[in-house]
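Letters are used for the chains, namely A, B and C, taken in the order the chains are written, and counting of residues starts over at 1 for each.
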Amino acid sequence: MIRFVGLSKSFGSKSVLDGVDVSIGKGEVFFIIGQSGVGKSVLIKHLIGLLRPDRGEIYLDDQEISRLTERQYFAVRRRCGMVFQHSTLFDSLTCIENVALPIRKHKHLGKKKALVEARKRLEQVHMEEFAETFPAALGDGMRKRVAIARTLTMDPEFVLFDEPTTGLDPVSARRVDVLIRELADRLHVTCVVVSHDLTSIFSIADRIVMLYKGKVRLLGTRDEFRRSADPVVRQFITGSAEGPME
Amino acid sequence: MTESLVQLEVAGKQPGRVSRGAERAVRRIGRSVVGIAQQTGGILVLLGKIVRRFFPPDIDYYELKRNLHKMGNRSLPIIALTSVFVGAIMVVQASAYVQQFSATAFVGWGAGYVILRELGPILIALMFSGRVGANNTAELGTMVVTEQIDGLRSLAIDPISYLIVPRFLGMITMLFVLTVFGNLVALCGAALFGQLTLGIEWRVFFHGITELLKPWDVYVGLIKSLVFGLIIALSSCYFGLAVRGGAPGVGRAVNASVVASAVGIFVSDYFMTFLLD
Amino acid sequence: MSVEAGVVKAGQGGQPGWAARRLAGIGAGALDNARAARLLYSIFIRTLYYSVRGRREKGAVLRACYGIGNRSLFFLTAVMGFVGMIMVFHSCTQINRITGDLHLVGATYIQLVVRDFAASVGSMMLATRVGAGIAAEIGSMVVTDQVDALRMCAAEPVDYLIVPRFKASVVMTTVLLVWAMFVMEVSGMLTAWGMFNVNPRIFWNLSMVDFRDLATGLTKCLAFGAAIPIVSGYCGLTTFGGAEGVGWATTRAVVWSCFATILLNFIISTTALYVFWA
């Protein structure tokens, strides 16, 4: 259970989030959508303490976490994994070493055992044949899969995906969608997905929040989203250039 | 006092070019002073964070080993090359005087003294800062720009203990080792070139070193190399982590880091020259 | 490289041995170096050609002069001031230990400064400051495809990017290094006066500086001033691969322009020794 209460954040004079209230239930696939630059990624980065709010509170299972110190945040981050938009695999490590790093650090295993465990994790995302490759040599879709494997090594209860399908070809994108849905259904992991990929939204989302001008514009299920009469939401769905959106 | 204030105000209101220029110059000096103070403060804060990771020791040994290997391997050839030429240049510069006073017995002492106490540690540190320090800044800067540091934090891994501490320890250790090695190579280069141009027997050359130099002369150079290592490590890590603004930002950071290291090396060398005499 | 490795592999019917891999590595390295040297040489020649025949953009050289000169002035002054103090401190303590006769320190010191130290230490500082700057600027342009855009406009990158910096660097390096000589002399004089009680009038003794020292020193200034922008421009133009690439290019520029000044210093010093003093 994640709850944002009255969250506000501005960068310099530019206000990005302005009193956002959202709560995300356990085990659901929750989409955060909106135009580019509306603060979707900013919102989820607050949850794991990469950014700190100007005002407002964040609750993780009734614990207020937005004022924790960097060290205290480590406990939160073990429960909430994040898959970044550009995967952020470490260039200097091979794929398997990338996956083995959090295992080695958090499960206090030796390097050999960590590599064995990491290979299993790579098999889950069908990347075992690229284990010894450096990330720079892989395509975006493959990198994303390794990044997901790396995030899952900590067995998180929540996984945050920052635009998981952006920049992928349609087939890879749908594979990522399937992976996210399976995470929620089989492992009961709560998935928070930042996206503006309509296909993903309509195929796997349980609930959707749409941000517009720093505020929540719409919060509801897939069908509520589809049937919404709000002109801004309509414009987002139809993707027309003309409309009330700025 | 009040009068001069009024005058200043009047001068400010007039579109006089002199006062504008002066004002701009003062403002610029002020800004760079504030900038330098900010950087020094940032570097000290980073040092504090690093020191805290040693109590209790929280160091990633795999990363440390990897860094030591990489830093040593990468800089060994360039430091060997530099050292040979530095030794040779020392002898070339000395040769005019040596021929004038026919003081061949002192060449070994002179070259040894300058190389071991000053030139060896400084030049090796400068090359090390260009090779390893700059590379370190670039690597860390790239990791910041591509959000890899945030990636580490999101995996609940402390970037300071995983990334910075091994690099910090690695640079200090490697510069020390390379200075020992480079000093040796420079002395050999000087001996070789002394024999080729001045016809000084290498036996005479090394006799000058062993008889006229004290162990302390060697130790001074090595203590200096440790301090230089500390300076290079801190400035390269600080500027790497402070990168903003994509690829040009990384370039600027590398530039700032090597410049800061160079200034730090010479200023600290000046004070150590007094303190360690 | 892959072909060579393949041949070795086929010949041994398995993994190539340690020696074979080392050999292949050395061969590939040598080829790379030869290719780099040829490219460096071609950039040098093209820079010289366009310096004479190239198009002239108003203010480009002056802007480059400002970037190289004014923005290195403070840095160079600070560093060379400290170097002067360190050198005089060492000379005086050593002389005190042996003869105690300090009245020729100034004359010998300024001779060494003019002949070598101002140029060699100062140019290493400039190689660090200016070389890194040039490589970072050009490298960022390369990775953001601006250099290809230049080519599309039928502008030669060497003419457009390196030539103004080359001209500016030759002029400004000389000016800055002459200034460095002055700074070193003054800081040395103050050290000798304050710590060893040498009268400034005795210290300021130019009688030992003759034509040979001046010629050697100035040749070094010009040579270093020419080498730094060429080497770092080469490093900048061969950048590839995003932010990391720019970092790499800058690193290489610092190391190789420093090394170029040391190598040139060695060549010029040795030549001068045989021409003037032998």
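Methods note: contacts are C-beta pairs under 8 Å (C-beta built on N, C-alpha and C of every residue); 3 or more make two chains touch, one makes a residue touch a chain.
Model, not experiment: these values are computed from the prediction.
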Pieces of the assembly without chain B, by contact: A | C
item	value
Central subunit by CA centre of mass proxy	B
Longest centre-to-centre distance from chain C, chain (CA-based)	A
Of A-B and B-C, pair with higher C-beta contact tally	B-C
Rounded Å distance between chain A and chain C, as computed from the means of their C-alpha atoms	49
Rounded Å distance, chain B centre to chain C centre (Cα mean)	17
Centroid spacing, where centroids are CA-atom means, of chain A and chain B in whole angstrom	42
Interface hub residues of chain A, defined as touching at least two other chains	91
Multi-chain contact residues (two or more partners), chain B	139, 142, 146
For chain C, residues contacting two or more additional chains	244
Parts of chain A lying in touch with chain B, wherever the complex brings them together	45, 48-50, 73-75, 77-78, 81-82, 84, 86, 88-92, 101-102, 104-106, 111, 150-151, 154
Of chain B, residues touching chain A in the complex	62, 139, 142-143, 146-148, 150-158, 162
Footprint of chain C on chain B - complex, ascending	78, 81-82, 85-86, 88-89, 92-93, 95-96, 99, 113-114, 117-118, 123, 126-127, 129-131, 134-135, 137-139, 141-142, 145-146, 197, 246-252, 254-255, 258-259, 262-263, 266-267, 269-270, 273-274, 277
In the complex, chain C residues that touch chain B	75, 78-79, 82-83, 85-86, 89-90, 93-94, 112, 115-116, 120, 124-125, 128-129, 132-133, 135-137, 139-140, 143-144, 242-251, 254-255, 258-259, 262-263, 265-266, 269-270, 273, 277
